[in-house]
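After this come two complexes, each holding chain A, first together with chain B and then together with chain C.
What follows is the complex of A and B.
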């Protein structure tokens, strides 16, 4: 059985993104308790060009993090291709050899391989597995020894609290960053427009299928040739994530599924702690080190102040204000206020 | 052009004056700098993957020239061309010079600059993203770019950083992220 994560003096562990070794250092230096990252291939659900780690970079990153008391969690969280599981099993072996603290996986084959071959490495269930019921989570815990589940961004705080009473494993929830509004591992929207989706090729609304076209005064953001949004001159542009497009329906143009807002659950930290949440996850492996550093510092301060019996909501909000997409934010499903 | 009007750009008088000045020999200097980087930091060029052979056109809106960059390791080259002779390339990045420089030294976040429309991206978005993520990892300082080491490097970086910060203020460039 894998051990507990070390070096977490706080009541809640701050789990921070690293798309590059430079971002890993930025997150560690800013006070992350744990950093998560992935390899530069399709085993990783954030398989963007120029992003992610080679095996050597992971080994060096683990050394840097461990010297400063930070854990490294590595995502192998796409679904292995039938008849070609080699790169997924190699990724698991490499993570174990690099001395990382946990593997974040979703696929049964990957979980099974890791559990049987590297029982000393903790297993975390990726959000891509879309496990949100006690039955599903307990199955993963009993079958593969999974010690933590990353919950999809569709549950309210009350639902998380109830769930925590019915499972024996730790829960990790997203608190900041891009908002995937559906049960992420089950969303195939992106594949209708591009043939690629998060759980197959590791990328939603892939940049290779994106084009920005200026027509007259307007800038159009397109995905796979479909117009997802249009921006007037001087208006802030956005990335054409399929679920956050402006579409025409019933003679009206609107953000049909979700507004292009970012998740910010900083105000809910006391409630999440009371609901029994173990770890707080910041989204954004595709973001730069300046962003990572600021967001991690803000949340670390929030967790520290919370543990000292205070509330740093106002300061943290001010620190995070500039970091949200288009400046607009939401508490997402935690308060169940969106359509 | 959807760039925010004049934010961070050189004043029009200076832009006009530059059209009449002989072009500085920056192409050769930058080619040398990128090739040197490929021996010092081969990991960066590995990170670019297939996109190291892509042709990037970097177009500073307030200069009369564009830069054509093919970051292909020791075969890399940078060419400075008059705007009228700019090839299409695989991907084009357009913005005020001060913003483009800020992307190299990490002052600005590429995403934020793009979404605030201070930068315009055309062509292969994957290639631009690969370059942007590689620059993030490179963390280049001005002195590193010109190949300086040791104490001199710190002095040059300090001077360059304060000059650029002042220039950003004078030109009303976007706030650093």
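What follows is the complex of A and C.
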């Protein structure tokens, strides 16, 4: 039986992104209870140039984190390519050999392999598996010994609370950063436009397929040749993430799927805790260490205040004010009206 | 050489009970398909309406000699969604599993696995075969080379290719039909029934791009895989899935049957399909590992 995660005195564990060894150190130093990262290949869902870890870097990162009481969770959360499953099972072996604290996986082949070959390592179900029902989650727990599920961002707080009463495993929810509008792991929009997608290649709306084209007095941001958004002169031109674009439907132009917002559920921390959530996840393995440090410190402070019996409202407000500048945010599906 | 079968997939759209009765009556009597998948796979809110149609539809299809498979909902969220999966998995008939919740309750009895379920490799396929999977229609973005690798590793599994129809690309917690009509999912007024093939979603410069169907996002284009029976056979494919649209699906099935029987060639099938009032242009990029919207020959 895999061990419990240690070194977490708090009621809620803060799980922070580490896209690089420098970001790992920044997150650990800023007070992360756990960090998560992935290898520098297609086995993880942030397979971007300049990001991620070699096996040696992971080993060093685990040592650094463990010396400071922080856990390291490693994502092998893409779907293995037929005929090349060995690349994914090797990643699982490497995680175990590096002494990391948990494997985050979604593919049945990867879960099955990890469960059979490394039963001593904790197994977390990646958000890419999009498991949202007690039936699905209990099946993963019983079949593969999964001890924690990262919930898809389609659920309201009320639903999470109900779910926690019907499952025996821990739940982890996203509270800050990028927001998938579509159910994670069930979206092929990116490959439809570009041939590359989270499930196939670990990327979404990849930079190599992006172009910015000036036509007349407008600037168009395109992905795979499809116009995702258009901007007037002087307007801040955003990145053409497919599901955050402006489209024509039902005789109107709108952000049909989602406005170009990011997730911020900081105001909901007390409710998430009451709902029985074990861990709070911050998205952003593509982010630099300064950003990581700032966000982790703010969330750690809020969690600490909550645990000290405070309501964290002041901390949450300060955090919101410091970080919403320039960007727009949403509490996403946690509030049912989002749907 | 074993015959390549044809199947009609589950309809993704919010069709009325009358429409469903008429549609499946014609399929039962006239369409040269061996298998028909039925059931509501997109939105549980539609179930109280179309649930009424299924007993008669099943009876009619079986009388027409079709094997009927009941498909489960792709993204169960509510209690009603979960109960529907539980009830379907208890049935004696074959069930298509579209989510892990359904697998959990169907394991041990035979089941098909639909394109909403993530099977990308032979390891995942093997884990499902051990639990009763008899047919796999893999995710639409999976290249044919990968499908063939799985087929080769799993010789007793029937591989079914999503050969015709708008591509199911994504599901979401949010309803885009409701959003486009300035409504919310909980008070949606069932506006998705206005678009029998989904609501067109175009780019700012009016390029045809996607289609919304409630919580589902589809391609605007219509996938058309037009390999010959010999070519499918060589890749280990045993059945083609035709996804229902508001067009003459009996004719679509007849044209595919004619291709598989060697009566017409691929270009003739493509010409016949293009002559129909399809909701979008033809595409087949995914099977070649290209963007899904392209026509791979271009």
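Observations, loosely collected:
Assume the second predicted complex is superposed on the first by the 321 of 339 C-alpha atoms of A that agree within 3 Å, B and C clash if a C-alpha of one lies under 4 Å from a C-alpha of the other, contacts with A are read in each partner's own complex, and residues count from 1 in each chain.
Note that in this section a residue touches a chain if its C-beta (ideal position, glycine included) is under 8 Å from a C-beta of that chain, and two chains touch if they have at least 3 such contacts.
Remember, predicted model here, so these are calculated numbers, not experimental data.
Legend: residue contacts after superposition of the two complexes on their common chain; A:287 is shown touching chain B, with no touch to chain C.
Contacts of A:236 after superposition: chain B is touched, whereas chain C is not reached. By the touch criterion stated above, A:113 is placed in contact with chain C alone, chain B being left untouched.
Touch criterion met: A:129 reaches chain C, while chain B stays clear of it. Of the two partner chains placed by the overlay, only chain C lies in contact with A:257; chain B stays clear of it.
When the shared chain is aligned, no partner comes close enough to touch A:267: not chain B, not chain C. The partner that reaches more residues of chain A, of the two candidates chain B and chain C, is C.
Common to the chain B-facing and chain C-facing surfaces of chain A is no residue whatsoever.
Within the complex, the chain A residues that touch chain C are 79-85, 106-110, 112-113, 129-136, 138-140, 152-155, 159, 181-183, 185-189, 191-195, 197, 199-200, 220, 224, 226-230, 243, 245-250, 252-254, 256-258, 333, 336-339.
Listed in rising order, the residues of chain C touching chain A in the complex are 74-77, 82, 85-86, 99-101, 103-105, 107, 116, 118-124, 126-128, 139-142, 145-147, 149-150, 153, 167, 169-176, 178-181, 184-186, 199-207, 209-210, 212, 217, 219, 285-286, 289-293. Only residues 1-2, 4, 43, 46-49, 51, 106, 109-112, 114-117, 120-122, 124-127, 129-134, 136-137, 139, 177 of chain B touch chain A when the two sit together in their complex. Residues 19-23, 40, 48-51, 54, 57, 206-208, 210-212, 214, 217, 219, 231, 233-239, 286-291, 322, 325-326 of chain A are the ones touching chain B in the complex.
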